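Note that the chains take the letters A, B, C, D and E in the order they are written out, and that residue 1 is the start of every chain.
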């Protein structure tokens, strides 16, 4: 069966000169959770934006490669159309509409629906996932705590009833308990609603725990790919991405260890 | 006392007429974060278009105005498509400059096509004074003020709708708007179309007051002051700002001018704005910038 | 070094901090943790003078700095990094770090006007110090890049460099490791430890990565809803039921 | 080789003076065309070098420097700021500048400003002519009467104040000025004050879009139309905006006859427009500002004719200046008041008349006359002396 | 390989901070400088008086405003008023016998004082709200000039400036005045460039980007905002004085009206915020484009045999001018300086299409 999303040989250039993504390919099967890992600046967010069509405002441009969603190439389709097709992205750093209330944030994200009653029921469903949002529905989103904003950002993306949810670092800056909560909800959304998820995460431990497949990005290229379990057991991945958890002894980390690279 | 009341009443009405133009600015700002320096030019063009439909095409007023509304709304859409869409995501001050360029174009275009001489708009509102409780009121301003309030009400309702909320979202964050499926382009286009509609109304009324020529676009400066005084993104702010500015401009020179030999109006008004902003950095009703450290 | 006594701070009706005491001794690394919105960042803002407390006092090396404007506090040797990154876009990494030296720079319009006779020596002097920091944090390669084009991890490092360039006696780090992978976290942890060792600064560290907090801090304080609910050596704090309930959650603690 | 006189018509078509420039410039060019069609003057034909300044001094300077190098000897900026900015250069170069109904009123003093020619009545002179009319209407005494000057708050609007103040002292009327801010499209507060003053006469001192607003406000505030007198800048189109019937009776200062009856204007219609060589819309021909333009150019051409007659070729600015200073009783075949320009008096006597709107056109109410020259000349001498004192 | 950045190694920190590092650009700067200096030898006088002198002086004004708008990030809609303060001060000083070379900096100082006072709202407000309060400055200064004859010079509101005297010699020729303007603008440029590379320039940009972070690293934001207003007003005031003496030869209120303030802002924005070379481009464009478009359209109409009336002919250039502004911004939304930069970058990486980061 054809995967829901396939990216082929994608190349992205910023500002006409800087090559950020250098020909990557990946696949996300229908109904799965796939995670994209990688160091800072590897090009993960760029890849997601290329999929959701959000490169334009950042002076970025897809110069080569194809993104196919549900069997059709997306080419230069503008992002709202992609959202209507069922691709929704949760941006890195949350980016809620600060001056709107959570309720208005959700309403604003409902322009693809005609039916007001349906919108209402969607909002209620999202309040079901995130009861905290319902409590704070009428304070300005800019003043919500980090965790609440992240919930709102995810909820807002769900308003589109997406088939594919692109999550960019949902755990960024969240307290450990909230990280668990968010990942639980992500898993529920995947299981209960059948939403396919492409997850970019720095918290590789948590990501590989819920994902079925993983890709590893370095410097704009995919350097490793495979089932989550295989990646979890790869010694390099263990050393550079998973670490020792709370058992790690930071006092003893070597001074200025040279960074390992899969590609020079 | 009567003197004071009359100055205040007429000032308030004039202020509402400014607010009419300011609403166009607020509208565009609210939905795209762009300060529209071309609104004065649009008002002027609105006046010209109505004039052309009346005088050149010979239409009756009741046909000319709706047609002008349509044409100017269309122009708003065109402006968005041609000039603003490519600028999405660019620094706002550059977009602001772009609207200044647009203003220059409009200010050149209308007189080049229709001639620079003063044109009169035959809008049947009597010039005779309307005397209410011994106050001399200007009928045109009264009519304009009432119209402003009606349009204001309509806009407030509009911004409660889903489309209105989406418009506000656009001004907060373009990228995030796209990401959740809002067509930033369509929202911006809509706001410019509405600004065009408001410009026709303002052009009609201001054109009735002073005749139609390029100087109609001057109303921008006042409208901008009103919009900022009220808080750039607040519809109520524009109305309140217009009232406050209009009343101050009416009353203060009435008492100060004879003392210092005139001309205090602009200076005093400027100073009041200056002080207001010192006390309320985002105008009367503007939203503050949420800055989380 | 730093003493906060009975700090109260609220925003509108919201009590962000209530009666918080916190101290950091010279050479100590103190961790500050707590759920999102518990007031950690607000506390650092109180210390740096950004949000003066409504009640309570802030003492730096015995000096009462309550109500001082931030730039004066900075002159006493307090530097910080920001949770949401507050680098100066449009400037290169080097210039950002040079700005960190501002408290030690004598800047004058005249000296700039007479650059060749006067300004240049000062600039070069500052540059030497900054290059040491760049060396220390291994930022040589990105020195001349505009900061906004750097990947997040490097930006965080530049921000740390900017703080270090001020040669602070108290360094406040607000979530320096957010958005970093394991490897990068290890780097950052090493930098933090070395900063104390080589530069002798006391450090107040806010972090959600518990492994790091537990690993590098001498002491950990926990805030919840603006109230300090625990303060003590890492293992004891990490095991406190209140902390687990409010902050850590069961699963993570178990792992 | 064809002999051509170049004239630099460097004017503001797009900003403050837009309301007058198009028609004025059309009148100037049409008149030159008329002269050219009838064979020119002394073997010379005329060519206008036209450009827009947008009322920006630096654009005026650029154009002046450019046209000067293209051989222009006579300039007309029709903009006070641009003229003022160019005065030092004009004086230095010795070129001729005409400042019709704008510019420095003290340029009347030909000894201080040897090559600058206001030609028509300056604002100071207009104030005296207006006051004289008011005095005559009141039967020769203004004792106890009230005159309100409602003016735009700019140097132009404030210019007549000293004249009115002096005259108020001399004639015993009560004078008060009421400024409104530029651009003058909103004056309601000012008029509430005016009404409180209960003036017997209202003098309007504005230009462009502010003028119809002022007239309308005056009427609305219960001033009789035949008690409203305006500075020269009130034209047919303004009255249309006010409402042609409603404005019947309004008075204004007139510097040149309006309408198509004057001989020169008839000639232009017949010869220039007859030959399809007009420089603008035919409908403008004969309008107030158009005729002023014709008058201005007629005066210049007459000066040049005298210069060529008396001193022969080659034509120089110096000769044109002297030619202009030899004009005696020149009236452009009835278009203008007879003027007498001398080397002292570059204004030509400060003559004008009052005309009245009859619902469709401006009808003269008086003959051409000048008034209270002593007052004007005191101001001119004082101001010119100041210029000389700071000049170098 | 003149146009290459790689391969250039700095051995001292001083060399690294030099104004121009690429050999080809050093050459270019030298050539341009020489050409500018020798301009009176090969250019007709019209170019000196009509274009180059005002361009240079307006560039200096744009530079001053750029310090405030481009670096410190404060919008100023009353810059012409600041220039007016300088112009009137200098002319009055000169009439009182103060020599030109002293009158100009004193005028700058007076303008700096007034400008700094009007920077006070900047301590509280930002962006357009600040713009409106600076607008108050414009109205106030205009009002004072018009209403106080002692300042504006009597009934005619004109003050003639005495001739420029340098080292006891009166400078009157077009070339002499041009050189004076050139010297002044070069000094202003160097001053601004030096500011940019020392602590002050950095501090200003820091407060533009994030004033709270600037405050926390020890920059006294209030003081530096005042400094920004002061420096920029100082340059503005001096430039106003130079315009009065070197270019207009007289001062009148309209030379520094609100329109002029808006033009100055346009120069800075169209040129490119914060860019020194952009100030040259922006001033050139705003000042000269209307003139050349007007000339071009008239010439075009004449050569096509079109008989357009003077009014129409004068309004069309406005359309083209506005259209050019829109067009340039659509082509390169960051201003002319960025356009230039794109070309330069193209050569820097030539013959490669793109780079990784230059360090890597």
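We take it that a residue touches a chain if its C-beta (ideal position, glycine included) is under 8 Å from a C-beta of that chain, and two chains touch if they have at least 3 such contacts.
What you are looking at is a predicted structure, and each value in this text was computed from that prediction instead of being measured.
A.B. asks: Have a look at C-E versus B-C and report the one with more C-beta pairs in contact.
C.D. replies: C-E
A.B. asks: Using only Cα atoms to place each chain's centre, name the chain farthest from subunit B.
C.D. replies: C
A.B. asks: Just give me the whole-number Å value for how far the CA centre of subunit B lies from that of subunit D.
C.D. replies: 36
A.B. asks: So how far apart, in whole Å, are subunit A and subunit D when each is placed at the average of its C-alpha atoms?
C.D. replies: Those two chain centres are 73 Å apart.
A.B. asks: Cα centroid separation between subunit A and subunit C, in whole Å?
C.D. replies: 29
A.B. asks: Two-or-more-chain contact residues of subunit A, please, as numbers and ranges.
C.D. replies: Residues 18 of subunit A touch two or more partner chains.
A.B. asks: Hey, what residues on subunit B touch two or more of the other chains?
C.D. replies: Correct list: 107-108, 111, 115-116, 261, 263, 266, 292-293.
A.B. asks: Give the residues of subunit E touching no fewer than two other chains, as numbers and ranges.
C.D. replies: 146, 212, 311, 315, 317-318, 357 - these are the residues of subunit E that touch more than one other chain.
A.B. asks: Give every residue of subunit E touching subunit C within the complex, in rising order.
C.D. replies: Against subunit C, subunit E makes touches at 13-14, 17, 191, 194-195, 197-203, 205-206, 208-210, 212-221, 227, 231, 274, 357-360.
A.B. asks: Going by the contact rule set out above, which residues of subunit E touch subunit D in the complex?
C.D. replies: Listed in rising order, the residues are 44-46, 49-51, 54, 95, 146, 152-160, 162-163, 247-250, 252-255, 259, 287, 290-291, 294-295, 298, 309-311, 313-315, 317-318.
A.B. asks: Hey, which residues of subunit A end up touching subunit C in the complex?
C.D. replies: 14, 18, 37-42, 93, 144-148, 169, 172-181, 202, 204, 239-251, 253, 255-257, 259
A.B. asks: Okay, in this complex, where on subunit B does subunit E touch?
C.D. replies: The contact residues of subunit B facing subunit E are 35, 83, 86-87, 90-91, 93-98, 100-109, 111-112, 115-116, 221, 224-225, 228-229, 232, 260-261, 263-264, 266-267, 270-271, 273-274, 277-278, 281-283, 286, 289, 291, 293.
A.B. asks: Okay, in this complex, where on subunit C does subunit E touch?
C.D. replies: Per the touch definition, subunit C meets subunit E at residues 48, 50, 69-71, 74-75, 79-80, 82, 86-91, 95, 98-100, 102-103, 105, 107-109, 111-113, 115, 119-120, 122-124, 126-128, 131, 140-145, 149, 162-163, 166.
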